[in-house]
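Next come two complexes, and both contain subunit A; in the first it sits with subunit B, in the second with subunit C.
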Partner chain A sequence: MTLDILHPFSITFMDMMNFATHIGLAHFLLLSAVLFAIGLFGLLTKRGIIPVLMCIELMLNAVNINLVAFNHYMPVDDYSGELMAIFAVAVAACEVAIGVALAFRIYRDRGTVNVDDLNSLKG
Partner chain B sequence: MTDVLSFIHFIVNGVMDFLVSIGAPDLIMAGIFYLMAAVTVLSALGVVLMRNVVHSALMLTASFIGVGCLYIYMNASFMGAVQFLVYGGAVAVLIVMAIMLTRRPDMAHSNPSRGALHQLGAAIVAAVFCLVMLIVSMASPFRTEASHLGDEVKGIADLMLTEYVLPFEVAAVLLLIAMIGAIILAKGVSENDA
Partner chain C sequence: MDFALTHAYLIPLLPALAFVVILAFTRLDKKKSAAIAISMMSVSFVLALLTAGAVLTDHLVMSATYIAKAVWVTIGGIPISMGMLVDPLTAMMLFVVTTVSLLVQIYSIGYMAHDPGAGRFFAFLSLFSASMLGLVISVSFIQMYAFWELVGLCSYLLIGFYYYKDSAREAAKKAFITTRIGDFGMLLGIIACQVAFGTVDFMELRSIVPQYVWSSGTSFLTIVGILLFIGPIGKSGQFPLHVWLPDAMEGPTPVSALIHAATMVVAGVYLVGRAYFIFSQLPIVMEIIAWVGGFTAIFAASIAITQRPFKKILAYSTISQLGYMMLALGVGSLTASMFHLMTHAFFKALLFLCAGAVIEAMNDEADIFKMGGLRHRMPTTFACMTIGVLAISGIPPFAGFFSKDMILAAAREVSMPLYIIATITAFMTAFYMARLLFVAFLGDVKDDCPAEETNAFMRWPLVVLAALSVVSGAAGHFLDFGEWIHYGPYHEEAIDPVIAGVSIVLTLIAYGLAYEIYVKKRWSAMEISHRLGFIYTLSYNKYYVDEFYALVRGAFIDGLAAVCYWLDVHVVQAILDGLAHVVSLVSEILSIAQNGQVQRYVAVFYCGVIVLALYGIYYAVRVLGILGGAF
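Right, the complex of A and B next:
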């Protein structure tokens, strides 16, 4: 069954109830889209380095949810999707370690972790 | 005694049949999903909206644990365990350590945001992204049945040590380089070492 977005008026109340009570791929895609959007909002609005790092972690988590959901709900024959998610977790762990070390170094050298003050590359 | 037991059995069977006939298992699974999704999304909102960065870190950990529960919901229990260990454990501790190493005089306002115009712009960007993804998700095949792939850990291990052995080795080298790099960045190199 496919929800046809080109004909929104053909969706009945029963279709909507069916969609709400049968958890499938679309729910996980929606959830990860919301998580990614929250992370994007925080990334664009936060001033400190560490909150920005936290928001990047949220966005990486949203991507991993997508990978695992596709692996679980699509007719695939192996666990490639979850393996990609595990590699993504490894890369994210490296990224957060380097990011924390950089934040600590910047704080020690410049006495600030505000991203707006780190503008020495600005012409 | 046997009559009483068989009567209870009869009642329980009837109740179970009734629950199954109105679709209660689906409803319960949907309820669990919505509970975990609410925990995850509200904690993620807390990360962005909290004024104190330590509270943000706590909310981030709650969000990671919610995502791990969702992995377990999708029968990816190994992935859930990895999520709990790596994100709920290591990454959360690293971030709290970074907060404590770069602490400011007043922690109560340690997580400032930009002005209202910036926030409006960011909210529009996030909303447009969310809308596009909503349309894409709704247009995707509405699949609810899971694929049965057998033992998860065995499947991942077979793939990781045969077909994807090169990315596996590269990930190991990457972790080593990240560890050395983080130590050098944080500790610094003295002149007579070089």
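Right, the complex of A and C next:
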């Protein structure tokens, strides 16, 4: 390997210091990825409908952070990322309203909000 | 006079309007319906007269016509136009159709006086007139086909007018289906025209066809011509699709007069005449037309001789005369055919209307041998009937003489056998018409005969038609009908004394024979029929054509249906059942995966996303070469 091509994964001490002291795009992406992973984990493991909905919100917000961060750090001259994030927030609000309403209905009908029991569509 | 030409579209439009108004508003009111129908028809009649006048004064001839058309629809990039084409042929047809239509509608006031369905009757008559007039002024095959089907529909509706009678329903169905067989052939012909020439417009075809024949010969066009001719075979009652026409007599008699004698059945003849620029280029098709016409003429005449119901005799006579017209077309004389069409429309309508008056007066008794001596009871009808018989038999100076003579002369020029057939047919025509007249009107009045002269509405149209039957032939002859309506170069038609003499002598012999048999009773008719035995039975039973068709249907169609049924049950059904079985089996296996657990779905979905993402990276690295040696 020649010296003029830097291998991205050959991380030096300076790199680590730089990362620790300068907040950049990578930090936001990392935060977003962590949030998304937490949300996904919750979505797959939680049993109640309300926690599942909350996890979905988490994943959506992870995406929003991504959008805003890219819009800020990448060379774009408009605010499409922010706009998209605002749209996503609005849609998420609707989704929560409907989701919670559905959860209430399901609880009234079935007496449970355990997603394992909501399997009447199984083949 | 230009007004009449530019507004010729009103001629079919007004009766159509009458149809709509009657059906929508005045159906239950007999008098109003009749008034609307007849007033509209009268205006059409006047317009038709004006159109004919305009054609004569503007010197429109067959090669210089008045055309107005507009694109109706565009299907698949092919524009289909509706419009009007006015030439002497059209003008003649418009005149004939509106005249007969008007007279028949006036007659129907009397005929339908006691029928509760009279409003409906006038509506249908108006629709028929509109369709027929639309057919006459058509500019293209497609327009003609549309109206052709419409007149077929009206024929169906009017034959089945007494829908509560079983026989009427059956006859209506038979007429519709039989003509449909012909129509289908014609549709194929029209499509073939469109494919071959890219147009179905008469005037465009007229200029294309000769070049086409010159460059590519007649082989393909012959097939097109034969297919097109199948339509007229069905519509104009030519052998072997003539079987519907006698049964169509189940309809009210004015319908028989208007549709099944004077106008609709000549639509086939008119079509051949209109498309003569195609047919006349094809010697084989012309031969077929001539022989189909000639055979139909003699065939139907030989059946008419033995029939007993009044209208059946006239029906076979109509078939025979239509055969005459086809024969004339086949031997290349458009003039003779159209001339005979015109005179025949008048005298055959007259005969049918007389038949209606007689049958009505006899309280629906149709058998001529149960009539007799009607001339004492119905003198006007008798006089008109006599004129009709003289006209159809071709006695000068009545109308049939001139037109029939022209056909005989045209046939004589082309083919001796056809001339002989036509002459024998003329002899038979004279015989059976004389038989009809003598049996029904001469002799003694039967004791229980209820007949008396009909009302004025039914009498005056007879008189007018009788007058037309007298003068139309002579007028056509002396005013040079052929100068206006002809195809190719015009040449003066002169009466050949030999041909005319032979036909007159034969007609008189036939009259004498009929007189001796049916009035003097010198020879017993029963005796003769027994002597003739087999031939008589054959003719009396119409050569068993209907029975033959029934047999063919039984053996062939029912057999085919049985085979199809077996195939359907044991092959098609089995294949479909098998397929359904396989599908349900597979879906049962797949449905195990669908366990209703949302989180499982999400997990699977996310796994899929990961796989896609990995593939995306792989694609970017290996195929597009992005991220050079990053990994």
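What we mean here is this: the second predicted complex is superposed on the first by the 113 of 123 C-alpha atoms of A that agree within 3 Å, B and C clash if a C-alpha of one lies under 4 Å from a C-alpha of the other, contacts with A are read in each partner's own complex, and residues count from 1 in each chain.
Heads up, the rule we're going with is that a residue touches a chain if its C-beta (ideal position, glycine included) is under 8 Å from a C-beta of that chain, and two chains touch if they have at least 3 such contacts.
Bear in mind the structure is a predicted one, so any value in this text is a computation, not a measurement.
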Which of the two partners, first being subunit B and second being subunit C, lies in contact with A:M16: first, second, both, or neither?
-> neither
Which of subunit B and subunit C A:K122 touches, first, second, both or neither = second
Where does A:C55 make contact in the superposed view: on subunit B (first), on subunit C (second), on both, or on neither?
-> first
Counting touched residues of subunit A, say whether subunit B or subunit C comes out ahead.
-> B
Both partners, subunit B and subunit C, contact subunit A at residues 5, 40, 44-45
Which residues of subunit A touch subunit C in their complex?
-> 5, 8, 40, 43-45, 52, 115-116, 118-123
In their complex, what parts of subunit A are in touch with subunit B?
-> 1-3, 5, 19-31, 33-42, 44-51, 53-55, 57-58, 61, 64-65, 68-69, 71-80, 82-83, 85-87, 89-98, 100-105, 107, 113
Going by the contact rule at the top, pick out the subunit C residues touching subunit A in the complex.
-> 590-599, 602-603, 606, 629-630
Please name which positions on subunit B make contact with subunit A in the complex.
-> 23, 26-27, 29-30, 33, 37, 40-41, 44-45, 47-48, 53, 56-57, 60, 63-64, 67, 70-71, 74-76, 78-79, 82-83, 86-87, 90-91, 94-95, 97-99, 101-102, 110-114, 118-119, 121-123, 125-127, 129-130, 133-147, 149, 152, 155-156, 159-160, 164, 167, 171, 174-175, 177-179, 181-183, 185-186, 188
